[in-house]
Amino acid sequence: MERITIDPITRLEGHGRIEIFLNDEGNVDNAYLQIPELRGFEQFSIGRPAEEMPRITNRICGVCPEAHHMAATKALDDLFDMEPSSAVKKLRELFYSAFYVTDHTVHFYALGGPDFVLGPDSDPAKRNILGVIHKVGVEIGKQVIECRKRNHEIIKILGGRGIHPVAGLPGGWSKAMTAEERDQIEEWSHQNVEFALFSLDLFDDVVLGNQDYLDLILSDAFTHETYYMGTVDENNQANFYDGMIRVVGPDGKELVKYHPRDYSQHVAERVEPWSYLKFPYLKDVGWNGFVDGKDSGVYCCTPLSRLNASDGLTTPKAQEHFERFYETLGSEKINGRYQPVHHRLATHWARLIEILYSAERMVELIQDPEITSKDVRPIVTNTPNEGIGSVEAPRGTLTHHYKTDENGILTDVNLIVGTTNNNAPIAMSIKKAAQGLIKNGEVTEGLLNMVEMAFRNYDPCMSCATHSLPGQMPLEVKIYDADGEEIETRQQYID
Amino acid sequence: MSEQFEPVIVGFLCNWCSYRAADLAGTSRIKYAPNMRAIRVMCSGRVDPQFVLKALRNGADGVLIAGCHPGECHYVNGNIKALRRYTMLKKTLDQWGIEEERVQLLWASASEGTKLAEKVNSMTEELRELGPLRWHEKVLADNGAAHVPVKEA
Amino acid sequence: MEEKKEKTMQKEKVGVYICHCGTNIAGTIDVEEVKNWAAKNPNVEVSRDYEFMCSNTGQELIENDIKEKGLTRIVVASCSPHMHEKTFRNATERGGLNPFLFEMANIREHGSWATNDKEAATQKAKSLVNGAIERVVHHEPLEKIPVEINPNTLIVGGGIAGITAALELANAGNHVYLVEREGTIGGHMAQLDKTFPTLDCSACILTPKMVDVGQHDNITLLTYSEVEKVDGYIGNFEITVRKKARCVIEDLCTACGICEEKCPAQVVDEGYGAGLGYRKAIYRAFPQAVPGYPVLDKENCIYFQTGKCRACEKFCPTDAIDFEQEDEMLNFNVGNIIVATGYDLFDPRRIPQYGYGRLENVFTSLEFERMVNASGPTGGHIVLRDGETKPEKVAIVHCVGSRDQNYNEYCSKVCCMYSLKFAHLVHEHLPETEVFNFYIDMRTPGKGYEEFYHRLLKEDTHFIRGRVAEITDADHQPGEEGKLIVQVENTLLGKQQRIPVDMVILSAGIEAREDAAQVANLFKMGCDYDGFYNERHPKLAPVATMTDGVFIAGACQGPKDIPETVAQGGAAASQIASLIGQGTMMMEPVRASIREEDCSGCRICNNLCPYNAIEYDEEKEVSKVITALCQGCGTCVAACPSGAIDGAHFTNLQVMSELQGLLWDVQPAPEKVTA
Amino acid sequence: MKFGYYPGCSIDRNARSYHISMMAIAERLGLEFEEMEDWNCCGATEYFAINDIPAYTLVSRNLALASQQYSGEKLVAPCSACFLNLKKTDHVMGEYKEINQKVNTALEAGGLAYQPGTVSVHHLLEVIVKDVGLEAIEEQVKKPLYELRIAPYYGCMVPRPADMESFDDPEHPTSMDKLLESLGAIVVDFPLKAQCCGGHMTQISEETALELLRRLLKNADDYGADMISTLCPMCQLNLDAYQGAVNAHFGTDYNIPVIYFTQLIGLAFGIPENELGFGKEIVSAKPALEKISDEAPQEKKRRRRPGRRTGLPMPSMPEEG
Amino acid sequence: MTENGKPTLAMYWGASCGGCEISVLNIHENILTVDEIFDIVFFPCIADFKYKDVESYPDNYIDVCLFNGAIRNSENEEMAHLLREKSKVLVAYGSCAYEGCIPALSNLTTKEATLNKVYIDNPSIDNPKKTFPQTSTQMPEGELTLPSFYHTVKALDQVTDVDYYLPGCPPEPPQIWAVLQVIAGALTEGKELPPKGSVVGAGQTAVCDECPLEKQEKTIARFYRPYEINPDPDICLLEQGIMCMGPATRSGCGALCPSVGMGCRGCYGPTEGVEDQGAKMLSAIASVLDAGDETMEEDELEALIEEAVDTIADPSGTFYRFSMAHSILQRVKNGKGEG
């Protein structure tokens, strides 16, 4: 049996490896996404003071430290039972929206984009952000860079540092915003809106304008019918900072809507011996292996799924594009709700719409008089015990769960991060893509890259996903019968 | 020598009290465990926690810091600072799973040769009980980090 | 660590010398073995062993090797550096190297003398030697630091020690500030009647000296005063003295004594009078007091207690009484200090079975001194507490509070002799009276002391060897009625005896002053277990202390008789005189310094220095060490979070290298990174 | 306050009045004594002189039981001998490994074991002076013992030996003095207060015993004591029962009642005499008790400073300044 | 060097968070200059080069390799050795590679504890068979392997030879740009490189040097958790009892955290000449603790000091937040790290 290894998979955050097995006909028998790395945050955070978690867990991921910082901060709100003032909430959401804009921008232009802008089978040495810049022209490139620059500046102003911010406190924020900062950020927010619209146009030209890409997007190889998860507000409209977790089925029907505190009643994680990354699934449905459909607890949690799980967006321009998105991809509206879109590559488009939403949200927030309130650092006197915090990370619903002693020293920590949610669907996408693309043993770099495109659209962050690390592995020998059914397991520790 | 484990103790003795106490123990021919190797510092307040860690890292099984009694410090209160640092270090080392017997603080005036000798004896005993620390072998060596050969290109 | 890399680059030539110290070291440690082993160290050029390194020939070995073999570092393994560090530093210097390029390994006190296990001792010696080698390689040449010596001297305590020292220095033309807590100088000696063994009158020999002090141009006499604060360092101490209000205007007072006469308040004289006599509320301790003007004791003054009286004021011919007078603060600078604060008498009330305070006719030695003194309350007559009855039998109990595990283990040294003196005085005053001396051992070391004992033996004193168990008035045998019975085991007869007497004198021991510890803190001295001040070296530096420029003299250092006390006063004075003579003094260069370029100005160190030797430079925003103030303890070095402070001769590099040297046999091979 | 209680053999024989009075005042002082189960004799004063290991074992058995039966409560013994033996044994067991070993081996046979230091032994006097405190006592005093001159007698065991933590000065104890003063009595200076009553010498060498007793009685008499107050059944028995013998032997006529301090406390608390075991004593306390006056005596004249100008001042005593 | 004569640049991550990669992107427009100067030959985060490409390069083909991330497993170490072989200049980039950083907090606990926490004792786990990931698994189609994990997290220079250290979590973009310019200068114009082993892109003194807050003499009665008080934003946080690692931490960041009312956490590592950042800070803090003095009885003294010390929650996690792997003892003896 022939086997193909893609190692490391590239243009994602963190480590990953794809193993593809071909049968004698040279067709794909099976394909695996392996995550070879983990770091162990759940364990080594124990013993630390809880209030440090926003500044420890952001090191889970340097691409989306703001997400961990925010989830941790919200977990502290809950832990110390400190409901933040509306001023604090707005300040945080503003900070968080700026992060969304820059994060999605990086993915579209640096990670996912090159496949489209330069073409899946273009020269791998050029197939990157710099290549994109050369292709679309330095002027546009500078715009992209400008966008990242100003939003990282906002993150630094509000959060203390451009990467790995530090400002989060239980029920509060360590620094208030000055009037001058407000004016500056307002200007930048408007520029964000402009940039978002510009990017959507670019997507129209480069992708939607290109029939091959459109076919690729709509092709079966990149389509999965799974459950979709996303955070929504009281009107079931998407929100990234706060709200209820909503899950809709492949048919668009709401399966469940729950408070993040109840996550463990709805989500469980499985372990496979061939990957350090766990596989979450919906308890309400159950685990039936790596398969599609209503009866499989596999769900996904991406820009696409957030749109699928919501009834719409709160900002006008974004809402327009929201509707255009579904219309274009031929989703019909059933009692006020668009049917979910299952084409994974459409996630890139959804991502751009989220940029627009976040940019518009920034304008709303920065114009709110409360945003410069000085009173953002409350003094905490409550005794901590247990707290859960959740936000929509760009790569999926992110949940932090802490328990502490009465001094606020952590005694237990559990983290379900965005990408982990998508572990199963990614694995499935890769297998399906591989099977759809590799025929009769014909394998080209371009084809393999298209297989990578299958995970890339999820914008997986293995840094995030691999936050835990088991140290020395126990040795386990698994013996399978002809049908791959496990019949015996022997396990022992080796040092 | 007997087969039993002979711990190695590094002693940081202050020039004015404890080091003289050790001198006195010798001069009075008090026989005590030869397991302590003394380093003379001007004051227990000079003992940088780095010294203690370095000693443990470099194979010592225990560290004894000795100074003048509070109120009798030749430098007025250097020993008080030593006590503060020691207290903080102890809390940290406890988190690191290093038994408190391994790092001890003693007040011994220049006239307390016997006290010092007795401390060295008792500490030696306690460390025999605990067994070797020998950080590089027992803690660091076997950590799964053995050299891994470079992949064949 | 960067530092380290460069350092070890250029190889040093170390000379190692292992001392046999006769058999003191060689008897336990295999010197040969250690020598040969040390020779293997790459840094070692020469490795020798020698019978006695401290001998001239031993030192010459070092000097010659430096000259001939071009050694750059020296290690001597022998005794404690407190013994011979200076010796070998000098040898190193004579050889032409900076004396601080030397390091000593203490393989005697810490090695051969501390164990019988030869193998272990040899192993330990190797470690200590290796530590010294690894350390000395990183030594740096250092120069001693000169300090100007202020010629003025502060003397604390106006007893015979302080008086002697003051006169010595003043006569040599140096100015002295003599500070005395009481209203007059003189101290305990002024309370005594005769002095043993010569029996010359204490006052007669003391008062002339007191007068000299009072009149000396070079002596500023501050009585009824106490030192409040001492700043600075040898050569330049800043002193603050509280001159307590004595309510007498010194310039106006003629010391006529009328106020004392007229004062209606009768007070038991617990001070000079040892509680045996009475004094007034405004008083001079005794007629020859220096200075002559009295002190008003507010606790007992009727005016201060009731607001009425003012008799003294009314009668004072020169209006020298000033009830409003307030304490006065004086500041001055001195180069050196002598502390001569004397002793407290052991309080026999702590031994209830001796009945002092319960049984009328039990007296303390000081009470007896006052009683037998012609100027004392009884005019020198030996009588019972009733003031009339002459005792027919007198018991003198030695070692009260001394040589006793329940109280003080040490011997108070003077009690035997003054007890003998008492016996003699009783015989002298009351020839008919029988005297019993109860002693444990008769201790009479000193010129003419033993002879005095023999004289007493001839005077028919009964000497009974045994510690007195109890003194009671509970009679139960004929002849005991109305007597004090001394219960004792006569260890020479080996039987219990009950000896009825009329008067008992308790020869109480000498104790450190109650406030010795505070005073020690004030002058940055150390106290020993019994509260006496620590001398720098028990044999070789008996009047110096650990703090440069602070000296001690007399009973504050330990029990002493008058001759010893006087000798110490003189010794302290002459040591200071020689310092003043030199004009400057060279201080050990073991000092801290801050590398400006590495200091972040975090100001962690600013408050740490007990000598306030660290100041903050607002301009450059860095901290600085004032070298002259720094005593080199190294606390700031250990504290500096960014390692910007160096402690000369005790740098991290030096200590860490010694450490690694010590652990040669247990530490890991230097970590290699797999490249 | 709750205490473990080791009564000792004599308590409900010759020392009934001690027991009765002790229980009578216990209520008033809120003291609770839980008698130890299955206790045995402490070996009194002789056994240790004869064969120490069995003696220590004998006592240790009690300690072992106590350590089982009480959780942290102090163990109280009213009898000086019992108190000393229990305390001494605990001390010795701690000091000397080999004795400890032998004793515990012996105890093992009875399925017992004793770990030195687990039981803290106290004499009744200590409990009343320290744990209850003089203030609490004074509050309860209804009929002060004004004008009654009492010689406080401690005997030789309670405060000794010095090397064991003692609650009072071994040579010159004063706790009972203070206690009696707080009851309003006049406490006479009693130099022999801590000397031996002869113990079992009455059985071994009556001559010796009588002399010792004579001294105590004489001394008390010299100081004009109306009665001797005691805290030990043995002392009480000797001084009381052998007083006649002393008189007969020496031709004296001492007539000094010897009363337990607990009885005197009860008396001052206004508890009827018959409820305090008065009348059981051989030398009757009646005449002495009649001296008690309802009037507080005028300020005791202080012998410290003789008024006579010629006299010399006495040194002040610590409690005075 | 590539045929076109441009110096080659590689960036790789060991056990890291990707923040270092982002920090490079955060030199913003200068990235274009980098693109002009260098040819990127390996950069998994943004470019499609695979391991086999790197393996195929000749030795020293890579002029500058920015290695970030700690050494956490065998793959990390293999790559460290591989990239050392292929690189002229190997830079330990960022706190992880330099001193272990947050991942090295793992050295405060044990492998068993971690394993158990992640795969067994966890509120959302569904693992009835108690399966653990395997270094090798036989699947029907063939064997799947995973790297083996280390007990102790290591810094890059603990497994291979390192030329320069660029501290920070992550390094601040201006510093990065400055360093890249120096290196570029050396490679293209033959300018001088700093001495091997030096720390680049950071200051020599501690953060306090750059910190705008006002500093006084320090005596600290007790410490507060950051949420327990609302500090005066203009005065040194440490003096107000808020833990700040500034005094023991190398400058270079511009004292960003203290400027927003958050104590420094020490990500730039120890200052020049300090071996163990944690021990040094511990010593400094203990020294200025205003508890007890020489006039007190010993037990009173000890009690007071204990009390003051106890106001510092989790000393190890505080003083060694970033430097555990490079601390003198490197890891805990057993699993007591939970404090």
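Points worth noting:
Letters A, B, C, D and E mark the chains in the order given here, with residues in each chain numbered from 1 onward.
By definition in this document, a residue touches a chain if its C-beta (ideal position, glycine included) is under 8 Å from a C-beta of that chain, and two chains touch if they have at least 3 such contacts.
Model, not experiment: these values are computed from the prediction.
Chains that count as touching both chain C and chain E, per the definition above, are B. Graph distance from chain D to chain E, where chains that touch are one step apart, equals 2.
Centroid distances from chain A, each centroid being the mean of CA atoms, peak for D. Compare each chain's C-alpha centroid with the centroid of every protein C-alpha atom shown, and the nearest one belongs to B.
The mean-CA centres of chain A and chain B are about 52 angstrom from one another, to the nearest whole unit.
In whole angstrom, the spacing between the mean C-alpha positions of chain B and chain E is 30. Centroid to centroid, with C-alpha atoms defining each point, chain C and chain D lie 47 Å apart. In chain D, no residue reaches two or more other chains under the touch definition. Under the contact definition stated at the top, the residues of chain E that touch 2 or more other chains are 51, 81, 108, 111, 148-151, 159, 275, 280, 283, 287, 294-295, 314, 316, 337-339.
Counting partner chains per residue, chain B has residues 48-50, 54, 71, 76-77, 81, 85, 95, 142, 144, 147 touching two or more of them.
Residues 51, 55-56, 71, 74, 77-78, 81-82, 85, 108, 111, 148-152, 154, 159, 275-276, 278-280, 282-283, 285-287, 289, 291-296, 298, 301-302, 305-306, 308-310, 312, 314-316, 319, 327-339 of chain E are the ones touching chain B in the complex. Contact residues of chain E toward chain C in the complex are 81, 84, 157-161, 197, 204-209, 215-219, 246-248, 251, 270-275, 280-281, 283-284, 287-288, 294-295. Considering their complex, residues 1-3, 5, 521, 597-604, 606-608, 616, 621, 635, 638-644, 671, 673-675 of chain C touch chain E. Remark: chain B residues 48-50, 53-54, 56-57, 69-71, 73, 76-77, 79-81, 83-85, 87-89, 91-92, 94-98, 107, 133, 135, 138-140, 142-145, 147-148, 150-151, 153 touch chain E in the complex.
Interface residues of chain D, counted against chain C in their complex, comprise 162, 169, 171-172, 189, 191-192, 214-215, 218-219, 222, 305-306, 308, 310-318.
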